[in-house]
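Please go over the structures that come below.
You will see two complexes here that share subunit A, one where it goes with subunit B and one where it goes with subunit C.
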Partner chain A sequence: MTLAVFFGCAFIAFGPSFALFVFTIAREPLRVIILIAGAFFWLLSLLLSSLVWFIAIKASNSQDPSLQRGLLIFGVFFSVLLQEVFRFAYYRLLRKANEGLAAISDDDSSAISVRQMAYVAGLGFGIMSGAFSMINVLSDSLGPGTVGIFGDSQYYFITAALMTLALTLLHTFWGVVFFEGCEKSRWWVIAAVVSLHLLVAGLSLLNPLYEGSLPPVYVITLPTGVWAFFSSGGSLHSLSALCTRRKAEGESS
Partner chain B sequence: MNTSDSEEDSYNERSALVQSESPTIPSYNQDHDMSLPQETDSKRVSGHEFSFLSCLDEPGPVERERASTPDGEEEELTLKYGAKHVIMLFIPVTLCMVVVVATIKSVSFYTEKSSQRLIYTPFEEDPNSVGQRLLNSFLNTIVMISVIVVMTIILVVLYKYRCYKFIHGWLILSSLMLLFWFSFMYLGEVFKTYNVAMDYPTLVMIIWNFGVVGMICIHWKGPLRLQQAYLIVISALMALIFIKYLPEWSAWVILGAISIYDLIAVLCPKGPLRMLVETAQERNEPIFPALIYSSAMVWMVGMADSSNPGSADERQRNEGGARAQEGVESEDDAAQGGRRRYSAEEDLEEDRGVKLGLGDFIFYSVLVGKAAATGGDWNTTLACFVAILIVSVSTIIYGSVMYRLTYTNRDVFLMFKVYYACRV
Partner chain C sequence: MLKGLMFLCVLCSSVEQKIYVVLNETVPCVRLLNATHQIGCQSSISGDTGVLHVLETESDLDWILSSGPHPPYMVIMETAFFNRSVMMRMKNSSRVAGVAVIISKTGLADNFSPHTTCPNQNTGVYSESYGSDLANCNGTVWNPLGNGLSYEDFSFPVFALKDENQTQVLRKCYEDHNQRVNGSAPQYPLCAMQLFSHMHAVTDTVTCMRRTDLQNRFSINPEVLCDPLSDFNVWTSTRPLNNSAKGHAADESVVIAATRLDGRSFFWEQAPAAEGTVSGIVTLLATIQALYPVTQEAPPPRNIFFSFFQGEAFDYIGSSKMVYDMEKNDFVIDMNNVHSMLEIGQVGLRSGRSLWMHSDPVSRQNKSVDTEVSEEEGKLSLFSHPLPPSSFQRFLRARRIPGLVLADHNTSFTNRYYESMYDDAENLNVTYPPGLTPDEQLVYETDAAKSLAEVATLVARSLYLQAGGEEKNLNNITADPKIVNISVFLTASFYIGLGPRVHGPAHSVTRFVQYILANLTGTVTNLTESQCQNPSELSTENKDLFSYFWVSGPASVNGTREPFCVRASVRLSKAVSPAFELLEYGSRNYSTWTESRWKSIRARIFLVASRELEVMQPALVELTETKQKNISAKTEIMFIK
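On to the complex of A and B.
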């Protein structure tokens, strides 16, 4: 039972991102490096925001539950803002690196485009965020016993996995959209990403009420995905071209 | 015999990381009255701004030739190679860390505090008094670092006076101990943890086969993957021993002190590692002999015995990385065997791949293993893992950005590796 939960939740949470990694990133060393650096930037933002939260907790009265809850909410929102700041910082770093790469290359074009970097950076953020959310939960799910003895919801593991999946995908989409917004200097895009992130984080605070947090997050994920697709240059035409090309290839082979 | 200068200037993918001088002539020969090109070669090797090796900074004719080649192509290749080879190193480093963390989390033996200590850390850490504990951990560190310094100096002296056989014997002894004794201990603990009943005859068979094949692979010839696997396994074993027997606070202070020592040893003109590297270059022996993990290697039949003593410098580098006698010995051991293979296949190998000292593996694994052992928290372990990967990437990229101007890819790579080693 525990092993089944472990594998099930692990695959739910990390399956898509693992597939994305294997099929699009693993073969290109530069992308792997950008992925790891993106993960590291997310880690830095988390470290800083948790430091702030930790100091706030230590400085406050630990007996007051509503104060603690308030501090938690503050911590969550501060962390979201800091993550977006670090996303922007990573964007600047990647732009500079890209210019460097382009300058030294033969034909004056970099080996990797900003859009690819946006996708990889977003995925890096997403994978790291998902890993940090999920790893301890997964290792506990292996252990003897399961959740529910003290009245906690029995759906804890699976909703954690589904939430992690949604967040990973969202980070990827936000990465794409964010970088595109920065490139084209569309600041409303950045504001939209930040507010969506804040919204999702706020929804997760509803949490033992899983109906309140999980479906809305997925309702947000799908349009964000579509937005990212169109923002990175996709179009209905290219989608249909993909389908017809497949069909044509299938017929000819 | 030796690649000509013009060949040296063609930077294609294949030659990127090749040592240009081909040591088909066994470098272990007493007379170094080799032809001039070799001299120039070795001068060129060290003749870059690489601060560690600025001893031979007189540019030969090749230098000027090289300077005329387009910078951009070189830099681009450098960065591409940097990226590709960083990735090639991620996998073994990750594997070693995974082995160490998996063992730490499952086999409780390596996290149990025992009253036994290594003789290199004689001061006991008293958990009751913070000040005393701190003092003792610093004293332990001083003892450990002095042991390492003394051994490094001995090795440099041995190498300088060409006592290759002695070094060779030392290496074999240490890898014997690692492959047989430590793996026996490890297997015993794993069986205890999983409650597996095992009889001695079977165990003897297993350990005997494991050890002998390991010795052959590491010191002589063997399939590349097998050799890589053995190097990863012995690094993991070594790291586990350190995690078990180093007292808590001493371990962290030692890790920090080792990094500083590495920097000093490679940067100072009289630093042992630097002298070792310079000596190896003067003798025109490859600087990265045996005790290195090599990601791409091919072994030539019939080149079994260019008994390269140049493992000394690798040993040096790994001494900085190796934390104890056994570690050094075992590293040297593996180094020795790989070294021969390295020189043998140099001409044949098209993509030389990357080489990384086993000391680095051990250092990283100790770091991550300690993080896994001290907390029940997986987040800490994951964070350490990502931080280590970033450190390696940034070191190599920093090196490539700083030193991209006039060096061959090989020089740059050479420089990365030593700088990289001394970061650790």
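On to the complex of A and C.
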């Protein structure tokens, strides 16, 4: 019966990102490349931040729980900052790549716009971040037992999946907003993204008080999504165009 | 207590450690096979999981077998419920995933013997052709209290809980999550246990050995499925016998004094066997200690051959092998050398000062045998009783030699816990006054020790007379109760086990007896270590007549030891059933017992969630997925640039 938990949590955490990949990215090889490279950049940032954290842990007294907790908090925030640094680095790389792509194309314009690259890069970050959060939890959910014998909440698996989902979506939205901010040189946007990321990471440290971490994170996710939508050129007009187009297609077919 | 367990690992953030509590001390029941059947317990390959339920009352039994709403159950069985009727009901129920039996003295019934009522009935001497009215315990039922549980085949794992702390952990988990409140069913999440004890062998020894042969022949990485039970017999003699001269020994007439070296119980490697085995071993060792000096000063005409047989619980593995070797002329003596035999059975629970001598009525119909036996006994005794299960029966199967079996029982065993985990020091009435240190306990003369010493003195004197020695030396033969320091044996396990072991080629008890014998009968030599290991290089030493042991010696005051070389005529002889040498795996004449192999035996407890929660999660997924498709297809419209 715990196969149900495994598949349930896997689809909750990765379903949306998988669907986004299949419907918007899989057909275009350039987007796939940018996605994978984005995932790799996130991985690099994780590697560096984990190195720092590992050295800090080994150099410290392992018997002191408050020191360990403090090191964990430090590790989390340092990792957030490093992830944003790598996001910026990836932005610079993609800009350079964009110029090169424009040079070799037939009509002097790149095959992909910066906004699309922003979305794909954000999704790449999100997928890799979700994978690292969720895979070990998923493998343990396959066994016959559930969390709780030591007093932890029995909703551990599902809250982990929901948190992963939120983070994946957030990374996508932040990617869009961040790249737009860099393009238009609006540095307050970057500061906002960094502080939002720090806030979400800090909220996750409130676990296992799931009421304190999950609802606030989703409350942050929704406006961030709206912000990303408007930041990438969407508008209420295009939304209504979506509905009428759908109606028209429905009538004609 | 559980939180304490968690804080032990400070840095672990592994999810697995949040879920499972691994039980360290596991005592499983394993599968054994013989020519026709399999016995013991089996789990599925990925373990058997069940919701914990403690079986303390009859209503609990009802709950587990019929009314409980969360089958299958993993039963934690109180001692009082570990009997045949309950276990058979569990066996026939599909709602039991496994059993964990609490081994304790509280609630223990007056008797408990998982062995059969007629031990080794098919491989003894009584059969259709020899004493048919005595065969299959028609004459006397030796173990009437036996419930035969050890010889049943269970399709679920059965573990024993010997560690009190571990049992507490299980009870706490049960009380926290699984307890019924006012008769209503407990709510999820529930505490569950998973037991792993998957056995590789099935059906019987013939099948298992055939499959092992196929593996060995055709597989690149052959998997052995089962191993024959085997170990070593220990033997020694008052006059050294030439080990390299096999077959009939010229001018040797031998009186054999024997006892068994093994025991068993329902669970693997647990066999305290205090009354069943330790009483015999200790008595024979004391006999040897009493007899040996006199036989060196005033040697009797006949040789006295002392033997400790291993594997007797499993259809006489050790004694059948020795008889087989004797008949094949592959042993230092053969059946023609054997004059008579005296076996020490269970002698620990004598009531008063009585000791019973059992003889075989069928062979006593032969006049010469009868005269010898009467001489051995010194007086007349009953004719109609068969022999109790004993190694002497295997010798009788080969040749009608005169012999006796000594026991503390007349018709059926006085041992109420024959071949069970409860046949321990308390069963043997070995009690020490409170406040003694273990060292003091080692030299304290318990009443049991004094009783066994009396038996040993009797046996030693009888053997001396049987060997033709003179009566005037008898007064010098007395067993010392101090030598009979039983406590050392009372903590050991006497299960025979398999071939080569981790710490040397023989079982630890076998080695121990071998070294005690070397101590009692050997002489200290001044050989160096290399000479001790290769004595054939020296002309004064004879490797054929003696064994040489390099002993580390007693610890001196400042902790150093001075090792030395001991020369003794103590030897080990292989105790593996002749059926495996003859490759007759379905043999009816010899023991065919094998023990299955397994990969891992372990146990763990955890919580299980309700089915509803588990099913709800995929439902959530459905919701998210349906929204996806609609939105994703419309991205081009929403984001033109």
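Basically, the second predicted complex is superposed on the first by the 253 of 253 C-alpha atoms of A that agree within 3 Å, B and C clash if a C-alpha of one lies under 4 Å from a C-alpha of the other, contacts with A are read in each partner's own complex, and residues count from 1 in each chain.
Please note the rule applied: a contact is a pair of C-beta atoms (placed from the backbone, for glycine too) under 8 Å apart; a residue touches a chain by one contact, two chains touch by 3 or more.
What you see is a predicted model; the values in this text were computed from it and never measured.
Asker: If subunit A is used to align the two complexes, do subunit B and subunit C fit next to each other or clash?
Answerer: Superposition result for subunit B and subunit C: fit.
Asker: Just subunit B (first), just subunit C (second), both, or neither: which does A:113 touch?
Answerer: In the superposition, A:113 touches subunit C alone.
Asker: Regarding the shared-chain residue A:238, is it in contact with subunit B (first), subunit C (second), both, or neither?
Answerer: After superposition on chain A, A:238 lies in contact with subunit C alone.
Asker: Please work out whether A:148 is in contact with subunit B alone, subunit C alone, both, or neither, and reply first, second, both or neither.
Answerer: After superposing on A, A:148 lies in contact with subunit C but is clear of subunit B.
Asker: May I ask you to name which of subunit B and subunit C touches more residues of subunit A?
Answerer: Greater contact footprint in residues on subunit A: C.
Asker: Just to be sure I read the superposition right, which of the two partners does A:68 touch: subunit B = first, subunit C = second, or both, or neither?
Answerer: second
Asker: Looking at A:4, would you say it contacts subunit B, subunit C, both, or neither? Reply first, second, both or neither.
Answerer: The answer is second: A:4 touches subunit C but not subunit B.
Asker: Roughly how many degrees, to the nearest 10, is the angle at subunit A when you join its Cα centre to the Cα centres of subunit B and subunit C?
Answerer: 70
Asker: According to the stated criteria, A:39 is in contact with first (subunit B), second (subunit C), both, or neither; which is it?
Answerer: In the superposition, A:39 touches subunit B alone.
Asker: Given the touch rule stated above, what does A:12 touch, subunit B (first), subunit C (second), both, or neither?
Answerer: second
Asker: May I ask you to decide whether A:136 touches subunit B, subunit C, both, or neither, giving the answer as first, second, both or neither?
Answerer: In the superposition, A:136 touches subunit B and subunit C alike.
Asker: How far apart, in whole Å, are the nearest Cα atoms of subunit B and subunit C in the superposition?
Answerer: Minimum over all C-alpha pairs of subunit B and subunit C: 8 Å.
Asker: Which residues of subunit A are in contact with subunit B in one complex and with subunit C in the other?
Answerer: Residues common to the subunit A contacts of subunit C and of subunit B are 136, listed in rising order.
Asker: If you look only at subunit A, which of its residues touch subunit C in the complex?
Answerer: 1-2, 4-5, 7-9, 11-12, 15-16, 19-20, 22-24, 57, 62-63, 65, 68, 113, 115-116, 119, 136-137, 140, 143-152, 154, 156-158, 161, 165, 229, 232-234, 238-239, 241-242, 245-246
Asker: Give the list of subunit C residues in touch with subunit A in this complex.
Answerer: Within the complex, subunit C contacts subunit A at residues 2-3, 5-6, 10-11, 14-16, 18-21, 47, 49, 173, 189, 191-192, 194, 604-609, 611, 613-618, 620-621, 624-625, 628-629, 632-635, 637-641.
Asker: Residue numbers of subunit B touching subunit A in their complex, please.
Answerer: The touching residues are 71-73, 75-76, 79-80, 83-84, 86-87, 90, 377-379, 382-383, 386-387, 389-390, 393, 397, 401, 404.
Asker: State the interface residues of subunit A toward subunit B in the complex, per the touch definition above.
Answerer: Answer in residue numbers: 29-30, 32-33, 36-37, 39-40, 43, 47, 100-101, 103-106, 111, 128, 131-132, 135-136, 139.
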